[in-house]
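Going by the order they are written in, the chains are A, B, C, D and E; count residues from 1 in each one.
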Amino acid sequence: MLTELDYSAIILTFKLAGLTTLILLIISPPLAWWLARSRFVLRPFIEALVALPLVLPPTVLGFYLLISFSPDNFIGGLWLRLTGDTLAFSFIGLLIASVIYSLPFVVQPLQSAFVNLDKDYLEVAATLGFNSTETFYKVVFPMVLPSFIIAGALGFAHTVGEFGVVLMIGGNIPGETQLLSIALFDHVETLQYQQAHLLSFGLLAFSMTLLVLIYGVLKKRQQRMIDA
Amino acid sequence: MLTELDYSAIILTFKLAGLTTLILLIISPPLAWWLARSRFVLRPFIEALVALPLVLPPTVLGFYLLISFSPDNFIGGLWLRLTGDTLAFSFIGLLIASVIYSLPFVVQPLQSAFVNLDKDYLEVAATLGFNSTETFYKVVFPMVLPSFIIAGALGFAHTVGEFGVVLMIGGNIPGETQLLSIALFDHVETLQYQQAHLLSFGLLAFSMTLLVLIYGVLKKRQQRMIDA
Amino acid sequence: SIKVAVASNFKTTLIEIAALYEIETGQKILISSASTGILYHQIQQGAPFDLFLSADLKRAKLTEDSNKGVSGSRFTYAQGRIAFWAPKHADFVNADTLQKFKGRIAIANPKLAPYGLATEQTLNNLNLLQQFSYVQGANISQTYQFIDSGNVKAGFVAYSLLLEHQGRNFFLIPTSYHQPILQQGVLLTGSKKSLEVYNFMDYLTSTTIQRLIRSKGYLTIKYVN
Amino acid sequence: MLKFNLKKSAQHKLLFHFQGQVELQGICAVFGDSGAGKTSFFRVLAGLDNTFCGSLECLGKTWQDNATFIKTEKRHIGMVFQEPRLFPHLDALGNLKLAMKKTVNSLYTIAELAALLDFEPLLNKKTQQLSGGQKQRIAIARAILTGPDLLLMDEPMSSLDQHSRELLLPFIKKLSERIPIIYITHSMQEVFYLSQKMILINQGEIESIGCPQSLFLNLDLSLAKHNHSGLIVNVQAVHWDDEFSVLHGLIDQQTILVAMEKPLSLEDISIKIESKDVILATQKLEFSSLQNCLRVRVEQIEHLPTSSVLLTLNTGNQKILAKITIKSLYELKLTVNQNIFAYIKAMSISAFDS
Amino acid sequence: MLKFNLKKSAQHKLLFHFQGQVELQGICAVFGDSGAGKTSFFRVLAGLDNTFCGSLECLGKTWQDNATFIKTEKRHIGMVFQEPRLFPHLDALGNLKLAMKKTVNSLYTIAELAALLDFEPLLNKKTQQLSGGQKQRIAIARAILTGPDLLLMDEPMSSLDQHSRELLLPFIKKLSERIPIIYITHSMQEVFYLSQKMILINQGEIESIGCPQSLFLNLDLSLAKHNHSGLIVNVQAVHWDDEFSVLHGLIDQQTILVAMEKPLSLEDISIKIESKDVILATQKLEFSSLQNCLRVRVEQIEHLPTSSVLLTLNTGNQKILAKITIKSLYELKLTVNQNIFAYIKAMSISAFDS
């Protein structure tokens, strides 16, 4: 039923979502940590900036990304000079856009967990001789592990579901930038309902499995807290 | 510069986002509370269901909503019999779709706050004679107020930025279902860049202000916790 | 291979054509589809397409006039037709049905979609513009879905879609009621394979293919019957 | 009356078994080692741990049995937890006000308690700005303000200084005349000062319930390890001297005076004689404030570190311990089997004076 | 050596001012009322509160001055907080292992401490499954395992039972021979047992630093309120009796023996005489273990509740208090201005025996 293009879209989507989640899980913790603890005057402003992809319609966000990725503009131009390739319509471009787009979904749960973290434990960590980095990795990280899992899952799920942005800057090039969400949209657009249903159902089943697994793991942990 | 239609779209958008946020702030707390505490076997399943709008591309979600809103199908048919009107292309339909669409954004931060809540305080509340409902309103709610504010802001922002779903089930009826995000998309599509930039900028400025305000308020609270 | 950016409404047809072309020449056609508007923006920002098959004349011309399109390469590959569709109508649907129809109908957004513009012109010509209230699809396939899903009883859709999905109970609008919906293509300056693209353009406008296109519910310029 | 038979098992192992009954009047002390199960006992009494099975009856109401489980909020108890557990989002006053939301009638107002427990200047402080002892006092006030039928207090004095203790102990004793209190403590002094009844918990079980003195004197109980500093002797009551508030009794036919509060009836009692309060003499001492003189035989002489010696003395059938300096031992030339006099101040025998 | 001059103000009000210096050797006790500022003092020592200004020098290193602020993790201190603060996501063993991550050399292994502090069976328990006292012991072990240069302990015994205290106090005393310890406590017994030096904090300030005995005897200090149970007298040292480990001294020219550990040099000392340890006699008592006899004049007789009386006695220039029963008062027919004998057991004078 599914075409070869559909399969390549599925693979591409998971590659993109996986890489995006990886990058987000690397850059978000320090950012969220900083946002949770800093007293810098501009902090609320930066916080708002991170949250922005939530407010802008994805197509509009995509439109502005498309413009800034254009070789005529600074970022796109710089990229072209460095790599000899355009940023838009490339996998790298999609990756950058996905990271920006899904950033708030990863930063928010982490930040919220960090804010709720009892400062008492950080003090203990300091008396154990841990500096900030060690405290983060040896104490904070394991303490808020459930939030990390939630954050990663949200980031992954949201990247899989990403549509407006990738439509704009991806160019829907089969095998290169044609993602599952776009393939699905194409099927809907061209009224190929059967394929659309099939893909939707697959996506649904996959996400459900992923989420049920994650929430199942968390449930165990959570239950421990409830029981204790 | 902006047309009358743009203004009516702006008003409509805020009406929709406001009402959606209101409804979400009413239904999410009990749901999140239940999700955070329940030991019901199907809980991870329901949790995944709530998170689903994160994974499905909005247009696809909209497509399925369109189908289920159809008078030929159960929900739409029921609605038609009850109100004599179709659910699709109506404000109520948009409202329902928005609530479904933004639900995970409100439930997630609340649930995460509830899970992190120290059970000790709930025990104290019980010894003070509070039943579960009173405990929730007199103890839990004030304790996790920052999370409520974040949840509300995310829900609101996400509804403002909603596009794919609205496009599918709204029908772009001026003053009824023509929202800001669609007006913005129209301007981009019809190459009316100036209006598009203006609207984008307005949306951006508004969202930034809202977010900066919210995060500013939270910052004060947060700082208190850091200082203490 | 050649990268073709095609308006969504022509995608299914193009897939068939591309398959034939590949059999005949061994040349692969990579198809990217989106709404004409999005494709136009992408091309303006340097999207690596070879050929742009727009759903209208306007965006094709804008592209040709910009530095992204090869001037003089613009051509019409198909002409769209619209139909008034009332799938649940009890009787045979004809002009009279349209005249007497009351209530809400679905149309494509005249600002965004050429089929929508044609619909508006038609209704204007028939003095029916005020008779209905409207729901607008962002493109013609969304409009089709509004009606197909049962949410709207009737509306104007592309004849090609009705043919493809064996839609019944429609009234094909005479082409004289609106300005022709010319779907035009243009070669893009970024293409490094202009020779191959020209070959494919010739193929598109060849008699066989134009006949094929006609059978899909379009009119064609060279052989209007 | 509090009547309970409650069990908790995990993985087929019995973790706790609390069985017994006790009159709820005044203060009932709960005593036991760290990890014995005192807090666990409180949690099941309060309904905070519903994994116990068995029955629990309190003040005439069934709180738990096979069919019933009254929720914590319906048990009308006040609880002082082992940690203060003040709500972090409220200041001290906010915490106290919240506690009164469901109060029907409280014995005290916030202002009265603030004066009694000495926290008036703290009312507007954030909980994070309070010291350990300050939090503890607010937590005690919070539990009292709920106007409970029964007050459970888990080591409420543990982080308080001597001054605060002296302020609070008499207050709690007075409070217990109006609200029955169950009170966990590690301090023998508090037990003796506050309570007429004591529940002894050891290794997850109720080991014994009874009057504190008799429990501390019972060498069969786990408390015996506390007794190296002195031994318990039984006193046969002879007559009560109301003028001096002193009990005249006999230890192995020898007279002894015990300063104490008036007993309800003239009953034989047990007393603990601290080894360091015993003065030894080879001849009778006259004209002194030493009221009690026992003729004893030296049974054993044991050298302790820090230049002191512990003598085991036989009064006839019972034994007492005496701790003196080596110097005294040498000067008095005491030897095993010698018959000597042991003096004890009447003041030293009463259990607790603050 | 610990040398500090640290101030903290808020809204132009001086909240804390800690100034002083103390030799870091053995245990230095920190004593003060609830809310006096003991924990706050620890926080600034540990570098957990950087809102103080002033200077702090410890063990030859400058920890804080105008230009310097050494972070907590660089101060090599171990800290036992007033609450256990165990990490909730780890079990007991996990908490202890984590503490050793940065340890260079620890005096003890986890297994050794588990045996010494009696928590072997608890190692695999989740922190939520530990009792209050169990958590406290793990927290103490955690601080020791970091192998610190200085150990700060904030009321480490407060939630422990008598048995655990008796286990831990000698251990801590021994530990202090290798790691200097600063130790907050509310217990006078602990102060006297553990420490040779004491920092007295009152209302946010260091009121005095010195040897515990002299501080408790100083009526000018806030500690005076602890003294109603007895008074402090100065003893002129005469000679040290090594055989019996007893100091021979004079109170107003009258001989007195004080059982104590060997002093470094023969110096005049102060002692506290508990009022209930004083035995009064109208004639000399011979042949008894009572070592100390002072001729005194009755200055005042005060009736207390609970059928006892408090007598103020004059030894010449100094005063002591005696608490006896009314019965003794009547039998001895004591009156104001009468000259009598006051006896004190040498054992009663030594500060603490466990």
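The definition used in the following text is that contacts are C-beta pairs under 8 Å (C-beta built on N, C-alpha and C of every residue); 3 or more make two chains touch, one makes a residue touch a chain.
The chain lineup, named per UniProt: A, B = Molybdenum transport system permease; D, E = Molybdate ABC transporter, ATPase subunit.
As the structure is a prediction and not an experimental result, all values here were calculated from the model.
Using the contact threshold fixed earlier, the set of chains in contact with both chain A and chain C is B.
Contact with both chain C and chain D is made by B. Number of steps on the shortest path from chain A to chain D, with steps defined by chain touch: 2.
Seen from the Cα centre of chain D, the chain whose own Cα centre is farthest off is C. Per-chain CA centroids place chain B at a distance of 58 Å from chain D.
The distance from the centre of chain A to the centre of chain B, each centre being the mean of the chain's C-alpha atoms, comes to 19 Å.
Taking each chain's centre as the mean of its C-alpha atoms, chain C lies 93 Å from chain E.
Within chain E, the positions touching two or more other chains are listed as 83.
Across the assembly, chain B contributes 63, 185, 188, 228 as residues in contact with two or more other chains. Chain contacts: chain C has residues 38, 41, 142, 145 touching two or more partner chains. All chain pairs that count as touching, in label order, are A-B, A-C, A-E, B-C, B-D, D-E.
For chain E in complex with chain A, the residues that touch the partner chain are 46-48, 71-73, 76-79, 81, 83, 85, 87-90, 98-99, 101-103, 126, 128-129, 142-143, 146. Partner chain A is touched in their complex by these residues of chain B: 36-37, 39, 43-45, 47-49, 51-52, 54-60, 63-64, 105, 108-109, 112-113, 115-116, 119, 146-147, 150, 153-154, 157-158, 160-164, 181, 184-185, 188, 196, 200, 203-204, 207-208, 211-212, 215-216, 219, 222-223, 225-226, 228. If you check the complex, the residues on chain C that touch chain A are 3, 5, 8, 11-12, 30-34, 38, 41-42, 45-49, 139, 141-142, 144-145, 148, 161, 164-165. For chain D in complex with chain E, the touching residues are 32-36, 38-40, 82-83, 122, 130-134, 136-137, 154-155, 158-164, 186, 188, 225-226, 241, 244-246, 257, 259, 261, 276, 279-283, 285-291, 306-308, 322-330, 332, 341, 343, 345-348, 350, 353. Every residue of chain C that touches chain B in the complex is listed here, in rising order: 35, 37-38, 40-41, 62, 104, 106, 109, 111-112, 133-138, 142, 145-146, 149-152.
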